[in-house]
Each structure stands twice: as structure tokens, then as C-alpha cells.
Amino acid sequence: MSLKLYLDNVRRIRPTVHCITSAVSANDCANALIACGARGIMSDQAEDAVDITAHCGGLNISIGTLYAQSIKAMFEAGDRAGELGRPILLDPLGAGTSALRTKTAHRLAEDLPLTVIRGNLKEIKILASGSGSAHAVPVIDDDHITKENLASVSAFIKQFAEASQCVVAVSGETDIISDGNRLAVVQSGDPMMSDIAGCGSMVSAVTTAFVIANPEDIFMAVTAAFTACGVCGEIAKNHLRPEEGNASFRNRLIDAIYHLNGEILDKNARYEIL
Amino acid sequence: MSLKLYLDNVRRIRPTVHCITSAVSANDCANALIACGARGIMSDQAEDAVDITAHCGGLNISIGTLYAQSIKAMFEAGDRAGELGRPILLDPLGAGTSALRTKTAHRLAEDLPLTVIRGNLKEIKILASGSGSAHAVPVIDDDHITKENLASVSAFIKQFAEASQCVVAVSGETDIISDGNRLAVVQSGDPMMSDIAGCGSMVSAVTTAFVIANPEDIFMAVTAAFTACGVCGEIAKNHLRPEEGNASFRNRLIDAIYHLNGEILDKNARYEIL
Amino acid sequence: MSLKLYLDNVRRIRPTVHCITSAVSANDCANALIACGARGIMSDQAEDAVDITAHCGGLNISIGTLYAQSIKAMFEAGDRAGELGRPILLDPLGAGTSALRTKTAHRLAEDLPLTVIRGNLKEIKILASGSGSAHAVPVIDDDHITKENLASVSAFIKQFAEASQCVVAVSGETDIISDGNRLAVVQSGDPMMSDIAGCGSMVSAVTTAFVIANPEDIFMAVTAAFTACGVCGEIAKNHLRPEEGNASFRNRLIDAIYHLNGEILDKNARYEIL
């Protein structure tokens, strides 16, 4: 199944993404969005944010740096996006490491009409445990997706996606994506992606751009975004010189997104739809 | 006309620039300032900012990330800079995309004794339309400078500079700078400069450094700064390897500023004073 | 004396560092921490920060960007770290450039049970002059460590470390570290390290990771961290291509930390314990 169309749509439509994201990775998110053909506008002050949301094609919320003002902006911008029918992606970054992050993630998931939830397995488990579907959370001891727990994690993600009525996407060595019905398993990617700060935030931002540009199939848009980022991680690793480490890998990852096209994506994509 | 002197003055005087700038590009601005021979101090909390302004040679205000506290800091630091006779550059980043940004840009332009206004054509048009010279804003439908509208845009910029009594500088594929009397058209630059987040903010920061170091001719200082950045954009593009994209371009742009000298600048400068 | 053990402990223990650091260099700090084998969590909002501190192995406080909320977070997270017996590093970044920074640095040094103080000579002098040991601050006119003032600066640092009962570490062309008893003089490093924004903040973050992983000898942990960063500065310079400047140097510095191992460290280390 070709993913070319989904990338082509991003490059053609050039979506603008309102990012309320971690200050740590805001610059990388902005450059990654430009690299894939989109644009980011960062705004996390409520008075400003509601206008920016209206100006943009969709909203990317990451709870990586939480302030009274940014939390307010998340809810108000989210409400505005909902009114306007714009897609909203929630990245529950760090849920489980502080009460404020866990509580905020739960409240955002309850109050906002989310389109996509993207995080690592630990964050998604924390998020699911606080929702109405709490009873459905299976016992998955590991916080990483492994060959051994792939089936149980897949079942959990599918169930959580169905319960929360949005696409749930879990990043890991293997990525799992579900809309409650279909399930995608993405193998594309390189372990060095976990060695750069804010890689997850970049994937969230890029995924939001893919979702805005492909409203007809959110699940495939998310799958294409994850596969595209994974393929670019592999390309970045191939271009890395022996003396280069994680700082250069970050640049080469964004550079690879910049040069990615549908042919390269389809040729290198490693994923399956179950 | 040689621009060497203006760069040499920056490298000799090593100005310190107080930046109240977007969190997204603060790191790039800081490294671009060091690259051109200056230093940046980022401070956007009013109590801190008024002292930092007094400590620095000039003030660079960008409205890229607006909070109650940073807006307060802009006005108080601006007042302090005015009292001390220090130059102030205003970058109305995102004016027109939210009511808060538009209003804040207008209020800053009204209240502060600005030395330079730098933005893209859309932002400058928004800024001009809210000022006392509003009646003078011509109908320029396009938000980009083109061959076709170059004459009308130039006339508008000259008029706005005269009315606002400062140097107005518009970034685009072609840059236009005026002090209300003279007009500079800068062709130096590379299209990839618009593919990196915060390029405009970097140009604003570097321009403030040039203005501090060249108080005897602000117009030429701005023209030299724009041309220097444009020449460095071309050098960065020349150094870009086939697999490199916008992330590496950002690094190569700052690297080029780091290695720029008066001879390279004069040899590659493409601009004219009208 | 081998420094290998201290680096090996960081790579083995993989400490998590709570950073309340400058927004300008937060991303570089996060990537530098990953490069040395640690992880950083950035959080400067009090409600969030106290939980994050409890979640992490130690606390790195830099006063580079001060807000009412981040100042509150520094004190509350510092108190929490103290209660939990976690090490705290204070970087009095910019002390002396604004009354708020100077006052905040003094208050943090008085109120928190600091483990390490790291800054440049000017900042450390400002910090010492406000403490109870003020009468002991010698007249050192220069703000840089030179061959001429090395003896008097060393005596001052040793005295200040003894009075403040923590390890005091001064960055400069030559670094000086003391626990009030021992004194380390580190020559490793490259002048280009002062040409990148936030290099001191990165050294502070990496030093905190070394301290967490080596609780049995804080003084040697700090000495190893400083030497490691210095050696990596030299490696970065060696890998720098002719056209590359400070932006690429930043990446190559972090890349060098990523590839550093005990053998490279010991082979290149230039330091002595007095």
C-alpha cells in the first residue's frame, strides 16, 4: 500500500500547525514542520492561542512544559479547534512523572475532542488508566513494546482507541497505531531516534501536519507520518559520519525529512496494516 | 560602496544586545550574535529586563512569543533604552495572525522611540495600517515583494519610514530598507533562508548589533546587516551537501556569519542605494 | 590518576537530571545529557518541579532566565532535593548583570544545601561577595583566570568552597575546582567553547549528571566532568572543517560527548590535583 499520497498532500496543502509544545524542542518542531512542507506557529498564551488556532489547520498539544498560562491555552485553543472542526493531537509527554502532568493529560483527554493521541507506551498507559476505559487497561508490566508483549499491547491500543474514539499511536522501537478498528505496526526507524531530545515532539508535530492534510483517513495519515519519520531516521543514520553523534543525528533527521519524497518513502517503508 | 566598515565595527566594538525574542529561536539568535562578533542577553521578565537593557548597547524586541510578563518587559525595557539613548529594533513577528500580536505591535510602535522596524511585508503593512500614517498605506495586495510591486512597495516603505521617523526594513526575496530619504534594495540572499525557523529573528538580532556598532549611519548599518545575512545565506547554500536540508542550512548560515569578513562581504554584496 | 571510572559510572547508572535552566540552552543541555549517558527533564513550574525533582537523581539550577514562577520552582525543588538528599548544582548565570539575578543567586546559595556551585569567575566573585564569607573575598580585578592571578584565584576558590561547604568550580580558559581542601586545575578545553551560546549551561548539566553518578567523591566527579567537557571541546575543534563555525562546533561538541569513553578521556585529559 503506497504512502506517497499522504506525504504529497502535506507538500501540496502546506498545512499550518498551531503548536503548544515543549520549549525544549520548539525549534526542532518548527524546523521539522518546514522540512515536511508544513509551517508551525508556536503560541501558548491563551489570549494569543485562540486566534492562532483559528489561523491554523490544526492543533498540536504537548504537555512537555506546563505553566498556568500554557494549561489555560491548551484548553481554550482546544475548545476553539473543536468548534472549528480542526484536528487536535495530544502528546501526553511526561505523564506519570508528575501529578500535574498526569492530571493535565487526563483532563485534556476528557474535555477536548481529540483526533490523535501520540506518546510512548508508559504515557499511553497512564492516560488510559485515568479515563473511563480504565477497567480495560491490561496488565502490561513493561513500558516498552517488545516482541513478547506486541500482541497484548496491540489489543490494548486498539481497545483504548475504540473507547476514546480517536487514533492512538504509540512510539517505540516498534510503533503501534490504531483507530479502534484497524491496526498498523511500523518497523521503520532507528534506535538513535531515542538519543535526541524532543524526537517524540517532532513526530507529534509532523503527524499533526499529515492529519490536517489528509482528513479523509486519519488512521492512514498517522501511519504515513510515523513511517515517514522512521524512514528518515534510517536515512539520517546512513548519512551519519563516524565522528558524529546525537546532535548531528538531529540535524540529519530533519534534513532527511526535507528531502523525503513519495518514492523514497514507499521504497523504504516497513509497516503492515492488520 | 564598501560595507566592510560596518562589519568591522561590530567585530571591534563587540556590542551586547538585549533580546526579548521568541523562545523558538532564542538559541539561534544567541549563536548568530556571537558569530557576528556580538553577544546576546535574553531576558523577558520586566524586573530583570530593565537592568539588562542598561547593561547592553541596544534592545531587540520580537513579539514572537507573547506573555503578560514579556509584554510588560518590552515596554519597560523599551522605556529604559529610550532614556539611555540606546537603539531599539522592533520585529512585529506574526502581526496580523492574532489580535494580541497586532495590538502589541501597534502599541510598541506608538509608545517606544524605535530606531529600526524589521519584518516581512505583511507584518509591516499591518504595523503601518495601525499607526498615525494609516491613511498613507497604499493598496498592495501581495504580501511578498515582487518585480511588479517593487516600485509601489518601495514608495510605501519610504513613506512609512518618514512618518515613523525610523529606519524601516522589509525582508523578502528582495529586501527593501529606507530611512524616509534613502532607499536600499538588497538582492543578496538564498530562498532556503525562508526554510529555517527563526531566520527573520536572527536577522533582527544581527541587525541590532550592526546598529549599536554603527550609530553614525543607522540606515547603512541596517543595509550592511541585511546584505551580510544575505551573503551568508548564499555561502551556506554553497556549502550545503546534497543530503543536507534546512537543519544543516541553519548551522551553515551561522557558520558563514562566523567566518564572514569585510572582503568576503564586499566581494559578494548585491545591493543598491537609490 | 584515571578519570575513566567517573564517566563509566554515568554511562552505567544513566542518571536523570532535573534541569531548571535557561530556555535559551535547554535543548542543548538535554542533548548533552543524553550524549553523556544521562537524561534531562526540564521543569521550572513549582507545582510540576517538586514532583520532577523527586523523580530525578539530582537538580541543576541555572538562573539564566528568571520568572516569578521559575524562581519559586528553584526554591521549592531545591528544598525537596535537600529533603531527599539529592545533589544540587547552582549555576549563578548572569549574576552581576541585573539586581534580580544577583539577589536570586545570593538567596539560593543561602537557603539551599548546595552540592556544587559552577560559574565563571565574575559570577563566582559576585556570589561570594554576598555570602557570609564576604570579608574573605580577595581583590581580584580581572574577571578571567590568567597565569598571573591563578594563585590568588585558586586561594579564593578554595576559601569560598570551605566557607560554603560545597564544591566550587570556575570555568575559564583554565578551570579551577575546589572542595575547600583539594584543588584541581583543568587545562583541557578549546577557546571556541566560549563562542557557543549556553556552553556553560551544558557543562553545568553534564556536571550534575557526573555528581549524581559519583556520590562517593563529588570533587573528583566535578573534575572529571569539567575535563570530559574540555577534552570534547578539543575533539570538536579537531573535527571542525574549515568552513564550519560556532553552530557546527556546538553540534560537534555534543557529538564528541556522545562518543567519549574512558580511554579517550584518560589519554587526552590535561589536569592536575594540587
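Note that the chains are named A, B and C in the order they appear, and that numbering of residues resets to 1 at the start of each chain.
As a working rule, a contact is a pair of C-beta atoms (placed from the backbone, for glycine too) under 8 Å apart; a residue touches a chain by one contact, two chains touch by 3 or more.
Computed from a prediction, not measured in an experiment: that's the story for all the values here.
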{"item": "Neighbouring chains common to subunit A and subunit B, by label", "value": "C"}
{"item": "Fraction-based call for subunit C against subunit B, same above half, different below", "value": "different"}
{"item": "Where subunit B and subunit C are represented by their mean Cα positions, the distance between them in whole Å", "value": "34"}
{"item": "For subunit C, residues contacting two or more additional chains", "value": "23, 27, 250-251"}
{"item": "For the subunit C and subunit B complex, residues of the former touching the latter", "value": "22-25, 27-28, 64-68, 94, 97-101, 195-198, 243-248, 250-251"}
{"item": "Subunit B-facing residues of subunit A, complex", "value": "23, 26-27, 30-31, 34-35, 40-45, 47-48, 51-52, 55, 69, 235, 239, 250-259"}
